[in-house]
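Listed after this line are the structures, all set down as structure tokens.
Same chain, two partners: chain A is paired with chain B first, then with chain C.
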Partner chain A sequence: MQALLSFDKSPPLSAPLRFFLTAPVFAMLAGILLLVDGPEVLASRWSPLTLAATHLFTLGFMLQVMLGALIQVLPVVAGANLAHPARIASGVHATLTLGTLVLVWAFLFPAPGLLHLAATLLGLAILVFLLTAGRAVFAVPTTSPTIRGLKLAFAGLAMTAGLGVLLALALGSGWSLSLLDWVDLHATWGLGGWSAVLLMTLAYVVVPMFQLTPAYRVRASVWMPVSLALSAAVWTLAVLAQLPWLSGLAAWVMALAGLAFAGMTLVLQRQRRRARPDATLAYWQVACMASAVGLVLWRLSGFALVEDWSPLPLLIGVLIMMGGYGGFITGMLYKIVPFLGWLHLQNLAGPGKPVPAMNKLLSEAAMRGQQRLFFAAFALLTAACVWPEWLARPAGLAFLLAHAALLVNLLKAVRAYRACRASLGQAA
Partner chain B sequence: MSLRDLLTENHRHCDDLFAEAEMAAGKGRVDTALAAFSGFAEATLAHFSAEELTLFPAFEAQTGMTMGPTQVMRMEHEQMRSLIQDAVDALKQGNTEDFLGISETLLIMMQQHNMKEENVLYPMCDQHLSAEVSSLLARIGSALHQA
Partner chain C sequence: MSRPPPERVLDARYLEPPGPFVQTMEMLDTLAPGEQMLLLLYREPHPLYRVLQQNGHRWSVELQPDGTFEILITC
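Here is the complex of A and B:
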């Protein structure tokens, strides 16, 4: 208890930062892949190129930021302290980074043993994270929707990783597994049971905090993540028992929970009491709308009229992953990184000594500039799903530029932080 | 009513005053912003004092934890006091851009601080100080009310 609110165990800035700075590089690699291989990347959900690009984004971008941010925020939002945050961060980060590279390499240039190696590295990185951060969270009694959501999300991460490892081993060893069903299940857990549950859980905290909106309704904040986790579990049973109607039902429940969350967030943000809309708000608004459209298309995709329209699966993926998660995550990075920079400077300087405010570490203009690139890249990539021959390469270039600009912005904030830290050191 | 209820409600009251000041500054109305922000500062500083002079000593006496959570909360109060001062200075110079930068930082600092108090420290206070809750509520309530 004593250390509960202390800075003793709060991680050094480098712990989350290494994840945040690696993430845009992986997104840039996805952009390069699309720029180089063009329409082939968008040809089908099942091409190795598409799998490589998808995992560059989900593992390389999304998971990197999610794990880095969790290491930082668990003590604040849940009172859950990790035993050795710096050591865990560097170990998990290195293993995750290497594992992602090996997996992508294995998709692009198949060779015996590569998928096994990727599965081992990625499985290990996530296992270590779950055994440390997960254990810290499960040790805390469930006294708020946030803590419950975190526990559910960690279970979702375990399922996603377990299924991913299983699929990699099955592909690498030539096991006979009905891949279609299991890949869908892996994606369901990854995007729904893990990412969406985590997003909702953190949104309950950060949306009212960043935008001064009213709180999410308590009942909804409980049922939304719970129904996501339950439907992912039901879907798993449906795959095991081979009951397609049951997985269809689970998919509807998931989509409705996601739509409810997106709608509720947009409504709350309209009631915000902040003076000015900022880059984070715009990112979240677009992300809510993109995910809502993606979820609707996903549920419509079973109907005869649209079922045969080949761009649909990729379009859904782009809307939910890039427009949705890409937007939510970048929007959050723009609050987290400058605030952490300021907080660490403040703690170094001691009270009463002036340190630059957040907007001096990273300006709104710089964030808005990057945001325009991101929105352009998102629009191009969406259109490229329909007209890949024409637009795949321009979309790849735009995606590369948008994430290069994100990296530049984050590095600007780090450089401003370091300059200030150096001057504090001289003053002391 | 619990200590958690009373103090959480007062956090929300401070948030309201903050929003009012920021809104005025966003529209470039320096004088309105300064008046509203002074109201916010007064309420927030009264909240800090009530905690530092009444709640924290009671918690420390009961639990023996003098270097624990209350120490961290005192330190964060200091950090916020200096941000509040910087924000007032910026407004007095008519610099709403600087004010909005500082107030953004203050808002996040304040919200993450409130979160720790509301989710961890206040429940601990309610638990450890159950015998004296009603007298503490009266003293803290009147200190907040005077602001």
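Here is the complex of A and C:
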């Protein structure tokens, strides 16, 4: 064999790991908030406690994992190499972490200037990421649906962050802004134009690769993210031009694209060639179904029969964010972390030298154990949207435990990686 | 794209990593300069491209409607 996988352009393992290990801590903080404040966190979509819990999860958990994963996988899935990845990773991670903490603090304990500080820190973290990773992605030709999707996703991240900064400055400065419309727009870009586009784009690579399924058909893999990005753009125009019927139309297109992706993924997984189901497969199956139910409820929420049912907005959020994105992301972490550890060990060992298999770095039993806690937490949190007085605190405890177990599992994988590396005689 | 004979076609679509990379490099080792092989994958192998470039090989890619990347490598 002439050469093993080329790692000369790849970032060190510590670059993504710092994001992956921070993410469960933020989810644990969201669990603690729910455990301490109970039903108040689920009282309304607009309460400061709910906003704090939501951003602990979206910025603290979801965005941490997404940015960490991108820094590592861009050279592999797109041939896009970041300049100085280790330095960028440590700077973006520190600023994002601090910015998230300040934003959550500003929601919980409002004080002059805090929202401005949070907006500055978070805006800076994302701007640096976009200028470096975005520049690398836009420099490569669009030779696959994955690269096209990544370019769209980066534009979605820019819109989400821009709207978030605008909202924080508006709230902090008392600007008159139609908050309802702009918050919806921020959520639309964040969950649809950025997160869903990125999820689809990475799924095109990781679902066939790790679950041994057929590929997504090319035509679908192009139109699904393009429809999401276009509908988010149309929604923005609808808000600016104050055309509610147009934002309604964009919402339907967005929901249909999401449903198509969830359905297609479930069908592909049924055709997989890997005989034994694993934790990632179960996570993705539950995530597909939870997102699909959430999207259907979202589109039904405008109809007279259900529009006055007060738990509905939070229920939709829990289904899509925790059941959907939480499941997709955790399932993906369970493949990415052992795979990256194994890949780096293989590279350190050199061609032809055996290194421990991926499942030696993190056992299936450990992942399954954590998964049971996650599913219990998801079920409790879903039910808590309907019966918050009884179930909000048990759901918070379960959420805390599920993500503590995730952190323990990731640390186990890191420890196993370090032990193997030491046995290969490599310096730390 | 002209297809090489069947024994020079590596269908790696259902192989777990690093199987596709390792088997491609093994097949390339059996080729004489100017000979070709065809790699079938459900993703674009960017790390492989870097190694091919380092080793002076040429390649061209076609994406099929079912999501298969057909990568024709010339040794």
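Going forward, the second predicted complex is superposed on the first by the 419 of 428 C-alpha atoms of A that agree within 3 Å, B and C clash if a C-alpha of one lies under 4 Å from a C-alpha of the other, contacts with A are read in each partner's own complex, and residues count from 1 in each chain.
In this text, a contact is a pair of C-beta atoms (placed from the backbone, for glycine too) under 8 Å apart; a residue touches a chain by one contact, two chains touch by 3 or more.
For clarity, every value in this text was computed on a predicted model and none was experimentally measured.
Once both complexes are superposed on chain A, the partners chain B and chain C clash. In the superposition on chain A, A:F339 makes contact with both chain B and chain C. Once chain A of one complex is fitted onto chain A of the other, the partner contacts of A:V36 are absent, as it touches neither chain B nor chain C.
Of the two partner chains, chain B is the only one touched by A:A357; chain C is not.
By the touch criterion defined above, A:V76 reaches both chain B and chain C.
In the superposition on chain A, A:R219 makes contact with chain C only, not with chain B. Look at A:R273: by the touch rule set out above, it reaches both chain B and chain C. After overlaying the two complexes on the shared chain, residue contacts for A:Y204 are found with chain C alone; chain B is out of touch. Only one segment of chain B in 23-31, 41-49 or 95-103 runs into chain C in the superposed model, and that segment is 41-49.
Shared interface residues of chain A, touching chain B in one complex and chain C in the other, are 1-3, 5-6, 76-77, 79, 143-144, 205, 209-210, 212, 273, 339, 343, 346.
Residues of chain C that touch chain A in their complex: 13-14, 16-18, 21-22, 25-26, 28-29, 42-44, 46-47, 49-51, 54-55, 61, 63-69.
Residues of chain A that touch chain C in their complex: 1-3, 5-6, 8-9, 75-79, 143-144, 146, 204-205, 208-210, 212, 214-219, 221, 273, 339, 343, 346. For chain A in complex with chain B, the touching residues are 1-7, 76-77, 79, 143-144, 205, 209-210, 212, 273-276, 335, 339, 342-343, 346, 351-354, 357-360. By the touch criterion stated above, chain B contacts chain A in their complex at residues 15-16, 18-19, 22-23, 25-27, 65, 67-69, 71-73, 75, 78-79, 81-82, 86, 98, 100-102, 104-105, 107-109, 111-112, 115-116, 119-121, 123-124.
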